[in-house]
Structure formats: structure tokens, C-alpha cells
Amino acid sequence: MEHIGFGALPYDFAHLLGGVMLLLSFTLLTQRRISATIATYAAQALTLAVAACWQGWVQNEPALYVTGAIAFVAKGVFIPLMLQRSLARLHLRGAREEAMGIFASMALGVALVVLSIMVVLPTTMQAGALTREDLALALSVVLLGLLMMITRRTAFTQVIGFMSLENGLILAAVGVAGMPLVVELSVAVLVLVGFVVFGAFLKRMDTHFHSLDTSVLDQVASENR
Amino acid sequence: MSGILLQGLMTVMAVLLLAIPLLSFRAPRLGFLAACVTCATGAVIDLVFLFQGAAPAVLTVPFGLAGQSTVLSIDGLSALFVLLVMLAGAMASLALRDDHGHPIATAPAVSLFIGAMLLCLLAADAFALVAGFELMSVASFILVVTNHRDHQVQEAGRLYIGMAVLSGLCLIAAVALLAPHGASFSAMRASPPTPGVAAIVLILAMVGPGSKAGLVPLHVWLPPAHAAAPAPVSALMSGAMTKVALYVLIRLLFDLVGPGIAPWWGLPLIALGIASAVLGALRANMEIDIKKVLACSTIENVGLVAIGLGVALAARGADLTALSSLAAGGALLHTLSHGGFKTLLFLASGSIQYGAGSRSLESLGGLIKRMPITAGVMILAAMSLAGLPPSAGFASEWTLFQSVIAAVRLGGLAWQVMSVVLAATLALATALAAAAAVRLVGVVLLGRPRSQGAAEAVEAGPPLRWAMLLSALGVGFVGLFPGVMLWFSDPAMSVIVHGTMLDRIGYLGFTATSDSAGYAPIFTLGLIAIVMAVIWAVLRAKAVPGHRAAPLWDCGFGDPPPWQPFGDPLAQYSGASFGQPLRRMLGTTLLAAREKVDLPLPGDTRPASIVVTLNDPAEAWLLEPIGRLRAIISGMADRVHFMTVRQALTLMVALLVGLLLFIATVEQL
Amino acid sequence: MTPGWFNPVLLVPGIPLAGALLAAMVQDSRFGAAVAIIAAAGGFAAACMLPSELGSTLFLLIDPASAHLSMLTAFVGLTTAIYSRRYIAHELVLGRLDERRVRRYHVLLLSFLGFMLLTLLSNNLGIAWVALEAATISAVLGVGLPRTANAIEASWKFFIICGVGIAMALFGTVVLYLAALPALGPGYGAMTWTELAHAAPQIRSTLLNLAFVFLLVGYGTKAALVPLHSWMPDAHAEGPTPISAVLSGSVLNVALLLILRLRGLMAANSMAIDPGPPIMALGLLSVLFATFSLWGKRDVKRFFAFSSIEQSGLAAFAIGLGTTGAIFAALLHMTLHTLAKSAVYQAVGRAAHRKGGQHFSQITGLIASDPALGITLAAAVIAVAGLPPFGLFASEVLIISETLRTLPWLTPLLTLGLLVGGWKLMSQLVTLCLGPPTEAKGPAAGWLTMMPAWLHLAIIAVLGFAMPVAVANWLVAAARVMPS
Amino acid sequence: MNALSGLLAWLLHMALMLASAPLLIGLARKAKARMVGREGPPLIQPWRDIARLLRKQPVVADSTSWLFRAAPMVGLAATIAAAALVPSFALGMASSQAADMLVLAGLLGLARAVLALAAMDTGTSFGGIGASREMTFAVVAEPALLLVVFTLALLAGTTNLDTISNLIVSGVLGLRISMAMALVAACLVAIAECGRVPVDNPATHLELTMVHEAMVLEYSGRHLAMIELAAALRLLVWVSLILVIFAPLGIAPRSEQGGALIALLWARGVVVWAVKVILVGLILAAFETTRAKLRVFRVPELLGAALLLGLLAAILLFVSQGFAAELVTGGGG
């Protein structure tokens, strides 16, 4: 593939999309209203779809278009709608939850981003700056997703954190030149996500706990020892 | 020739390990008989080996640690212990029956136990040694928990197996340290360890085989385990297993560590030996359960052996061959005699529990009238326990004391003072053991019965009777012909101290140093016999014959109340009261013995009571703190399990971030 | 091995998966049980062919290690399938499962087994990852089968934690591909174990390190290494016992095999960090933490879950040591522990049915009430505690001596862990098997039903003390392959 | 000296010991009586008592066993055997090869243990008290005794009594401060072992204080006679033991020439020994008349003092000039 570097459009645009995803991750991190969180996630997924398609065009890998389509349909549209519906059913639409303070979560997030850049930076350049920068961004998204999972309380938001984490994964996958099995992998991850979401609902329906606060549930585990 | 004998012993081992357990599942009594016969065969083979001059033999068997072959061998040292184990095994399996005369439920473990000990003795590479050792532990654990419905038995089992795991791990570490270039003993000897490694091996040997042998401070498992196990099993454990542990100790410290060791190597053994001897003998005067008394005296005797070994090791380090061989001879002789008389005593305790239905000193007494054979052999063994001439115990303790006297040659003033203190403590331990022996015999066998069961006691059945008589025969032989025993153990001495006592051994007796006078039990016994004959003749001539029976006087002894046809047990000294002076003298300081007297006021009708509590220092200062520490750590670990999913994920992320930081820093460097 | 898409090796995971499909389609639980046994047997038979099929294609890698572990997994799957026929039937009687769930159970067992085997045999990291994820999902569903709040909770925890772990593993896979890209160029090569092993020295070290971290965390979660273990105890305590048996058995092995391959890769690259210390640290931490956690547990299956964590940590530690001897010991230990632990769970499951509960307070005095069960359980626990006459003793001796040879100063910690664990295991053996029995509520278990467990124990004893030379060479070859 | 004369000396020695043991008791009693101004029994009285007891048929409690009846003979035999090992007037007797101090201690211990068992056999509280106290005292006395043995063995290089005293007679050892300490220790041990004041009072039958007498409370007739004789003999054994070690002057040495000279030496030895024994008896009487009996639980302290003295003796031996060095250089066993 031809040399791509700073100033070249493909690189800049990919980089821009990655930056947007990262930004959305930060938003997710600090967003308090659940419905707004879902919306933000949808936005991130859509960005991912665009990024995938862009990469598909850049590396002229038709497979990546499929990935983008999956991201768009499933994660950008279907899952968010479903989540919103269930929120409505649970009368949680306007619900807000106590996330970490904005500054604290931001600070942690920035620290994680710095860490991921630190880790990726020493990589030698010749593989094309594209992948390297993308990798840094994807890693940051992943770490931020994790951070969200551990800072949020309710199952919903944890699920959303997991899904944004998974967005980071796909971002990394599509960013890598000529990675085979991308579609298969993304489908598989999607299945995983689907199961997570499904599991959240399952739990909501089957357990007679009134809140989704998982810390309540967890005490069950320590009951029978 | 030796090779053939070794193959024979290996066959015996295989039969004990594989065939007889299966047989015992179906037909326990037959299994015991087979085990007895097999052990006897092994003993005969071993005797032939010893008479052949104990030329070492090596044998390689094609299986063992994953895919490798195993080396078995026999030399003078192992042969001596094989003899002891085989004889004890034969006696125990002949006597084997639980306390109600039925074969015990854990019958298959018995021959497994004996076979494992044999494997441990014949092993000539690291894996076989540790495998035999651990198998011995497991089998004996199964036997200890035979009567598992009793809660105390369960506790004893827990403690026992825990200690066994500890000693096993230490032994594994020790031999692994010695075997960097090949696991066979020959390879270990070929590459002796550096002094530092050797010191670690010394510590590990103290903790591992040491605790198995019952050396202070890891002796706490011994009394409860021996009390829990069926009597013949206790006999095996005390008479054979502790000796096998001593064998492993000797093998490690005298043989495998190699020649280059300093005299101070003896000191740890000596120190632990002193502590074990005094503590064990003192506790033997305090315990109420017969088998606990015997177990404590085992601790004492193992301590004596350890003292002898320590002196031998130090002397070897200082190149005093004559002294080291004398000390080693004393240790080995005491191993043999103790193995004999302790087996006998435990068998007797089984016969008492079987016949009188109790093991508590407080509910026995007067058994000498109803159980003459048991009483006879027990008195004989108790003489050894008390170290009175011309018993086996006296012979070995005489040798040990001689070596302690000679130990002043080991070095400067420090060593000399050490040997003086050693002599004093040796004497103290012996005297304490004598008191314990008198207490045991006097309370259990003599006087008047303290319970209905004791009053109606019955003599043991033929198998147990024969087992006791045969062992008594053996003990008597050891006592009367210590020279022969030393001759047997001479090959062992040439293995461990590269010295010999042949220049000091006669058939009738032996001497400490080649030029001085010695000890000839036959002469002592003959003297006593002649004198008794003369006295008897004089009395026949001069005194009025016969005697008149009458009720006890005792400054006006009351008639026994009707509901106690065998007399009021409270009117005679009990085990506790016999030990009371010693408890006040030494127990309060060494064993933290406390008396709580509850004396009702005049007019108050409730009975007065005294409660005595003992607390073994090893438990108070070692086990309990460790247990508390363990509990604290477990508590901390437990907190992790109350974590929510979020906290668990937090841990995950923390680990991830930590690793990322790690590689980041590594790469920046 | 013949290259190409179809080859007989595919039968190994194929048969169980096909069985799963069949069982899913047919609406009869008894039939499902039969299918499960037959399919597992077929899988095992096919796995037995593997040693003669050594080699690798683009997607399949059959080296001694993977072949060995596949046979092991298939064997445990077979015995578990046989065992779970009666077990699940009784669960039905107890009403903890209904007809539908029973059918689902067999499907899940088979698919879990099939995907495990696929993971073991796949040469391609992507496929391995997908298979592992599928296996995880089926395991999660299996754990969630009993519709109790605890079971749901356990499966949820299991799922979330393993899901995140899996995600980490995927990220690691991507990064690894990226790292190998310059050396191998775009395409499957950069995702293939064998190619990676060849090109290891040229792989970009920094990215390799990054990939190592993520893969270690990901697969370490599956291997239940502390602090990634928290899903394990609940999953064991709440799920059906046969599931626990295969969880303790195969999942740990699969994850450890992947970690082992990864370690080989890292070791082959001179620029990359030394993979040993992190792996050893996790392993040692697991051993110590798990053994100290053994205390104060009331639930039998939870208790044994912690012992599984300990054993997995021990194997990981040995892998971290990295000498051929250590890896040999690790493989031996994994093998024996799998067999021993599934024997334990078979006995524990029966005991739980017999006594109507899985708390230590409910299961006591087994030997007195029903000897066959009690003696089997006692033997299995002795085996797990690493005492003769069973083989884990041998592997532990090997590991300890290897440690003393390479990193002597770590031995005290290791032996401390083993001491604490062995002590507690044996003392809980006293609790379970000895003493006056509690009253029995369920069906008795005779010697016959214990035969699978005894088969395991016999194999353990033989492998430990009289291992056939062929097997030994086989394991040595497996150990040699890895450190490359 | 040749075996025959050795045997002769030995027999003479035995006769001497047996005959004079009760007389020593009698002497002590007489002297004590005189010192407090009484007439006191004749010297021969103990012998008379023994003869009288022999004429009485023993009364045996029906609750006792054969051990009770056998004990006195075994005890006496053990004591006589001990007496046979301790040289009185001549060295190199037939028993000299077996005259090992550890064996001696062992034989005395045997006698003690047998008597204690017999006391337990009566099943009375008095028997128990006596036995328990006797064994307890022994626990402290044994180490003290063995430390004395230790000291001597260090000096002589052997525990053989005959050799030791031969060395001391030949004067190669010279006088040592540690010998004095060992002497005091030995005397204290002897007092305890023989149950004399202040450890025990042979004349009292007050329950709470008696030790030895409590053990033999149930005995009568010939049994009691044997016990009395054994007790007397034990005292003499201890006396001559101390004499032969610490004051061996005048004892007939080992010598090769036979005949008249030997007889002369023996005669001198007998006379000197008799004089020494009488002196010791008088000293003992004086000591006992001026001392009161200790409380039972104070006795261990007394013996503990003996123990410490023995310890001191041995250690002083080391620090005394050149000895340590000489031992070390003389290494090789």
C-alpha cells in the first residue's frame, strides 16, 4: 500500500474519526442521564461504522464495508432503540445515576490515554503511522470503556461501557492493514455483546431484585460459603 | 549374594504394598497373618544380609518418577532399620485387632504402612525416599483415624496429617537441594553441597524428618495421634515410624550431605535432643492416658537418640573417630532397644484397653492379678523405660552417657561446659523416665482396681499374648547382649561415621574406650541371681516359712463400702497425685501447669475439686501464633470474595494497567 | 497431516458439535443424554487418532501438547457425559431443572466440549478466540441453567468478567497481528501460531509486549489466575456439578495451553520482555491466595473451586519457570489435576444428591453412611492434596525441585502455599468422610457408579509412579515444542 | 594380683560389708542417743531386730500381689550387688572389672524402684506418698550423682570405680578444688539416697514427713528384715563409696606379689577402713542430732544445691590449669 502519513487525507480523516470516538468515550464517562448515555453510545457506534467504511475504502478491503454495515445496523440503530424501549418500560427514561465526579473521571481517563500512548509510542514507524496512531486511540477507547464499567453502578451503564469497549476493539481491528477474519471477529464480538445485553435483561426479568444495582446481587454469592 | 537378598526384600516390599492390601479388603485376618509372615521373611532375609557382612547392593527398577527408573539399595544402615521395622511390623500385625477384638476397619492400610516404611529404607534416590516417606504418612493417617466417629480422633487426625504434610514438603525440599546433578544417592554423594546449602538442608531435616520423629518443638502431633490410633498401630508408629524418620535424618545429615561438615553441626541436634528428652519425660509424668504417657516417653527417647547422633556428628566433624563411633553406637543401640520396648509397651496398652476397657490411669489398677502376662511383660519393658540394669534401656543409656563424658574432647571450654550440661540433662531425663515408669506400673498394674472394668479385667487373647511374649524375648535379648546388637549395627556405623566399635565389643559386653573397663549385663544379672539364691537359701534355713494374709493395715484402713466391692479408689494414690510433686517442682515452669482448687466453705455440701491444666510450650509459643496468623491472612483473602462485579473488574483493570505501566517503564529504560 | 479444508482432525471438535445440533433438534431429554454420551465417545475416539496426525495446516495445529490436551479434554468430556446422565436425571427429580433445561443441558455440554477442542486444535488465533468465546457462552448458559437467583447471579458474574477477559484477548490478538505484520505481511500468516513461531525473532517487540499483556490478562481470566479468578468460585458453587467438572478440567487447560504458546513466542523474541516473571507472579499469587482462601468455606464445591485455582496457579507458575523440565511438570500436573478434580466433582455431586445439600455441615461421615462414596471421595481428595499413591505428588515434587534449581528463593513461598492447601484439604477430608454420618435424603451410590472416578484415580496413580516410557517421551516432546 | 586372691578379697569384702552394715546403724543410733544424753540401744541392736523379725511370720495384706512379696528380696539383692562392686579395704577385687559407677547407680536405682513399686502395690495412700516422694527426690539426686561421676570420669578417663580410686591412691591427680565440691555434692546425694536427716527421718512415723518408712509401712516379718538390712547396707555402700573415692588412704593397692604381704596389706586396709567408717558414723550422728528435718518440698532445693555443686566441680575442672588443653590435645578418643 502507498505511503500514508501526516497531511495525507486518508490519515487525517481516520485520525479524526478516532479522535471523535475517543471524545465520545469521554462523554460516556461523564454522562449521567441514562438515556443520554445510550444516545452517546449510538453516536460512537455510528462513528465506528464510518471509520470502518473509510478504512475499507483506504485499504480497498470490501470486507470492512460489511463490518461498517454491521456496526451501523446493530450497534448504531438496533441496540440503542431496544435499550431506550426497555428504559421506557422500566420507567427509567429520566433516570440519572451518580457517576464519578466529572473532574475525577476525566483525570483518570486522561491518565489512561497518556498511558496507552506511552505504551504504543515506542513502536517503530515503518509499518505506517496510520495503524500506530489508530492503535493508540483504540487502546484509549478500550481503557475508557473499562473505566466506565468500573465507575458506573447500574447494569445498563455497565453494559454500555462494555459495548463502547468493544467499539474500541473493532476500531483497532479495522485500523490494522489487511487483517483477515475481521468480519468473523466482529460478528463474534457482536454475538458476545448481544449476549451481554440479553443477560442484563434476563437478570432484570428473572431476579426479584428491584433495582439493577449489581452490588445488591453480588451479596448472594457470598451467602453460601 | 547381597543383590539376591535385596531382590528378596524388594519382593517383600511389593507384596506388602500391593498384594496384601487387596487381600485385606476381603479377608482382614488372613491379611494380618500374611503381613506377619511376610515381615518375618523380610526380617530373616535382612538377618542373612547382616551376617553376610552387609556388603552394599544396588538395584534399579524400571518405574518411578514420570518415566524415570528408581534405584533401590541396601547397606548396613538401612539393613539395621529394616530389621527393626520388619520385627515390629511382624509383632504388630500379629497382634492387630482393634480394642474389641475385631480386625480394624482400615486393615489394608496396615501392610501399606509397613511396606511404605520399607520403601523409605530401601530407597536410593530422592523420589523413592520422599515417596516412601509420604506414603508412610498417608497410610499411618488412615490408621490413626480408624475410630473416626470419636471427635478427638478426628482432631488428632487433622493435626497429624497437617504435620505430615509439613514434614513431607521439607523433606522434598531437602533432597531436591541435595540433588542438583541427578537424583540418585550416588550422584548426591558425588556432588556434596556448599556449606550454605548444607546448613539449609540441616534446618529442613530438623523440621521435616525431625517433626516426624517427634523432636521438640514439632512433637505436638505425637501424643494425640498415638492415643487415637489402635494400640498395635501406635506400636508401629512409635516403634518403627519414628525410627524410620530418624533413619532419614541420619541418611541426610551423615551420608548425603557429604564428609565436609563442621563440628557445630551436632549442636542443633543436641539442643533439640535435650529439649525433647526433658520435656517428653516430664510430660510422661503428667499425662493420664496410658498411650499418651507412652507417646511422651517416645518423645523423650527420640531426644536421647538425637543427643547421641548430635555428639556423633560433632565428633565426626572433629575427626574423633572413636568418640563418634561410640556416640553413634549409643544412638543406634538406643534406637533398637526403644523400638523394642516401646512396641512392647504399646501392645500391652492395647491388651489393657481390651481387657480392662479403659486406658485412663484413673480407672485402672491391680491388673497384675488378672492379667499376669501383660503385667509381666509390661514390668520388663518398664525397666527399660526407667533405664534400670540389666535392661535394654540401661545398656543404651550407659553407652550414651559414656559418649557424653567423652564429648569434652570435642573442643574448648564451650564444648566442655556443653557436655557437662548434657550429662546433667541426660541424667535428669533418665530419672524422670524412671519416675514415669514407676508411676505407670504402680498405678496401672499394682494396688487396687479403680473401676469395675479393672476389677473384672481379662487377659488378652492368644495372638496378642504371643506378640507380647515374642517382643519381650527380643527386648530381653537386646538387654542381655548389647554387644551383639552393637555388632549388628557396626556396618551402619561404618556407613555414617566411618568408624567401628569392633575393638570394644565382646559377646557378653562392651567397653566405652578400648582400654577402660566396660559393661557386661550378664555379669550384673548373674551377680543379682547368685545373691538372690543365697538369700533364698539363708531364709530357708533361718526364717519362718510362708506368710499370713490379712486385710490392709495402713494406720487403720477402712473397709471398702458395699457398693465398691473392689475398695474405694479415692483411698489410694492416683496417677495425678503421684505426679504432683514433680508437677510443682518442674511442671509449673516447663509445662505451665496450673492447679485450680475449689474448696467449699465449712457446711457447704458440694465436693471439693482440683483441676490441673497443662500447656505444652510448643503449642503456646509456636502453633497457636501461627494459627492466628493464618486466620488473619485467610480473613484478608476472604474479603476479596465479597466483592461486587464492579470491584472484581476493578481488580482486573488494576492488573491490566499495572502490567501496561510495567512494560512501559521497561521499554523506556 | 493432509492440508486442505477438510481433514479427519476436524472430526475431533466436529462430532461433539454435530451431537449438540442433533440434541438441540430432537425434543427428548433421554435421547439427548444418549447422544451426549455417543458424541463424546466419538470425540474421544477421534482425539485418540491425533498422535498419528501430528502436523499443522493454515487453521489446525496438532503438536504433541495440543493433541495430548485434546485427548484429555475429550476423555474428561466422555466420563462427564456418562456421569451426568444419572446426575441430571436426578436433578430433574429434584425439580431444580425442568425437561426443557435438561435438553438444553446436554446441548450446552456438547457444544462446550466441541468448542474447547476446537480452541485446542486451531492454529489460527482468530479462530481460537472465536471458539473460546463460544465455549465461554455455552459454559455461562450451563451455569445459569438452574433457575435460582444465585445461579443467575453466578452466571452473570462469570459472563461479565470472562466477557471482558475475552475482549482483552481479542485486542491482544489484533495487536499481535499488528506486531507480526512487518515480519509476515498481511494475511493469515500473522495470525497463525506456527508462522508466528517461525518469525518470532523479527516480530516487533514493543507491540509484542502490548499483545502479551492483553493476551495474558484475557486468557489468564479463563485460567482463573488471581486476581482474575472471581468468576470461578461462584460458577462452581452454583452451576450443575458436571459443568464444574469440565470447567475445572478443560477450560483451565485450554487457557494454560494458550499462555504456554504465548510464552514460547515471547521467549523466542530477544527484544521482548521476559514473559516468565509476570506469569510466575500470577501463578504464585494464585497458589498463595487460593490456599489461604480454602479456610472458612461452607460450600463444598466452592471449596474445591479454590483448590482448582491453586492447581491452575501452580501449573502457571511452572510454565513461567519455562525450563523443559518445568513445562513437562506443568503438563503432567494439568493432566493429573484435570483427572483428579473431575473425580472429586463426580463424588461430590453424588454426595450432594445423597445428603441433599452441598454444605460441609450437610455432608459428613460419608464413609460411615455409604463407604463406596466416602472412600472414593477420600481417595480423590488425597490425590488432589498431592499425596501418594497418586500422581500429583510426583508433579509437585518435579515443580518444587525445578524451582529450587532455577529460582530457589521462590521455593519457600511455593511450599508455604502447598502446605496450607494440603493441610486444609486433608482436614476437610476428615470433615467430609469421617465422623458420625448425617442423615441421607437421596439415592445411595454404590461402587459401580464410582467406576469412572476410580478409572481416573487409577490413571493418576499409574501416570505418577509407573508412567509408561512412551507416555513420558510423548510428554517430553510436548514440553520441548513449547519453549522453542 | 591373681584371680584367686582377688576372689578371696571379694568374699572377705562381702562378709565385712554385710556384717558391719547393721552395726553402723547401731553405732549411729547409740551415738545420737549419747549426744542427747540417753543410754541408747546396744550396738548389736539392729542385728537383734533382724533376727527377731526373721523369727516372725510375715503378715501380708490380701490386696497385694506377688510383687509385694518379691520386692524385698530383689531390693536386698540389688543392694548387695551394689555393695559387691564398691571396694572397701582393697582394690583389684574380682569384681573390679565390673565396678562401673553407672552400673552402681543403676543397681541402687533398681532397689529404689522396686521398693517404690511395692509401696504402690499396697494400694494405700501412704505407700503412694512414699513412692511418689522417693522418685521425686531421685529426679534431682540422679543428676547430682552423675555429675560427680562425670567429674571423676574426667579425671580418670573412665567410670570404673576401681581404676578411679587406684589413680587417686597413686596420687597422680593431686588435690583439686573440684574434688572438694564433688565430695560435698556426693555427701548430700548420699544423705538423700539413704533417707537420713534432714531429708528423711528413719526414726519417725509421722505421716506427712516420712518417705522411706511410708513405703515399708505394710511390711513385717522376714520381708521387713530384708528391707532393714538393705537400708543399712545402702548406708554403708554410700559411706564406703565416698571413702574409696575421696579418702582412699590406707586401702590395699593392686599389687602383683601374693602371700603374706598381701595378707598384711589387707589387714591394714580392713583396720583403716573400719576406723574411717566409725568416724563417718560419729560425724553422721553429730550432724543428725544438730539438724532438723526439712519440709518435703524443700528437699529438692537441697539436692538442687548438690546438683549445682557437681556442675561447679566439673566446670572448675575444666578451667583448672592446663586440663582443658591437655584434654583437647589428648583428642582422638
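Which chain is which? They are A, B, C and D, in the order written, and residues in each are numbered from 1.
Here is the rule we use: contacts are C-beta pairs under 8 Å (C-beta built on N, C-alpha and C of every residue); 3 or more make two chains touch, one makes a residue touch a chain.
Since we're looking at a predicted model, the values are computed, not measured.
Enquirer: Using CA atom means as chain centres, which chain is nearest the centre of all the protein shown?
Expert: B
Enquirer: Would you kindly tell me how far, in whole Å, the mean C-alpha position of chain D lies from that of chain A?
Expert: Their C-alpha centroids are separated by 100 Å.
Enquirer: Calculate how many whole Å lie between the centre of chain B and the centre of chain C, each centre taken as the average of the chain's C-alpha atoms.
Expert: Using C-alpha averages as centres, the distance is 43 Å.
Enquirer: Averaging only over C-alpha atoms, locate the centres of chain B and chain D and give their separation in whole Å.
Expert: 35
Enquirer: State, to the nearest whole Å, the distance from the C-alpha centre of chain A to the C-alpha centre of chain C.
Expert: 31
Enquirer: Chain A: which residues touch two or more other chains?
Expert: Counting only residues that touch two or more other chains, chain A contributes 119, 122, 146, 149, 158, 214, 218, 221, 225.
Enquirer: In chain D, which residues are in touch with two or more of the other chains?
Expert: none
Enquirer: Mind pulling the residue numbers of chain C that touch at least two other chains?
Expert: In chain C, the residues touching two or more other chains are 156-157, 160, 164, 206, 210, 233, 296.
Enquirer: Name the touching chain pairs, please: which are they?
Expert: A-B, A-C, B-C, B-D
Enquirer: Which stretch or stretches of chain A touch chain B in the complex?
Expert: Per the touch definition, chain A meets chain B at residues 112, 115-116, 118-119, 122, 143, 146-147, 149-150, 152-153, 158, 214-215, 218-219, 221-222, 225.
Enquirer: Of all residues in chain C, which touch chain B in the complex?
Expert: 156-157, 160-161, 164-165, 168, 206, 209-210, 212-214, 216-217, 221, 227-228, 230-231, 233, 273, 278, 289, 292-293, 295-296, 328, 332, 365, 367-368, 382, 385, 387-389, 393-398, 400-401, 404-405, 408, 411, 415, 418-420, 422-423, 426-427, 430-431, 434-436, 463-469, 471-473, 475-476
Enquirer: If we count contacts the way the header does, which residues on chain A are in touch with chain C in the complex?
Expert: Residue list for chain A touching chain C: 119-120, 122-124, 126-127, 131, 135, 138-139, 142, 146, 149, 158, 162, 165-166, 168-169, 172-173, 176-181, 184-185, 188-189, 191-192, 195-196, 199, 202-203, 206-209, 214, 217-218, 220-221, 223-225.
Enquirer: Which residues of chain D touch chain B in the complex?
Expert: Chain D reaches chain B through residues 54-63, 65-67, 69, 73-74, 76-78, 80-81, 84, 95-100, 102-103, 106-107, 109-110, 113, 116-117, 119-129, 131-133, 135-136, 138-143, 145-147, 150, 153-154, 157-160, 162-163, 207, 217-218, 221-222, 225-226, 296-297, 300, 307, 310-311, 314-315, 318-319, 324, 327-328, 330-333.
Enquirer: State the interface residues of chain B toward chain A in the complex, per the touch definition above.
Expert: Those in contact with chain A are residues 641-646, 649-650, 652-653, 656-657, 660-661, 663-664, 667-668.
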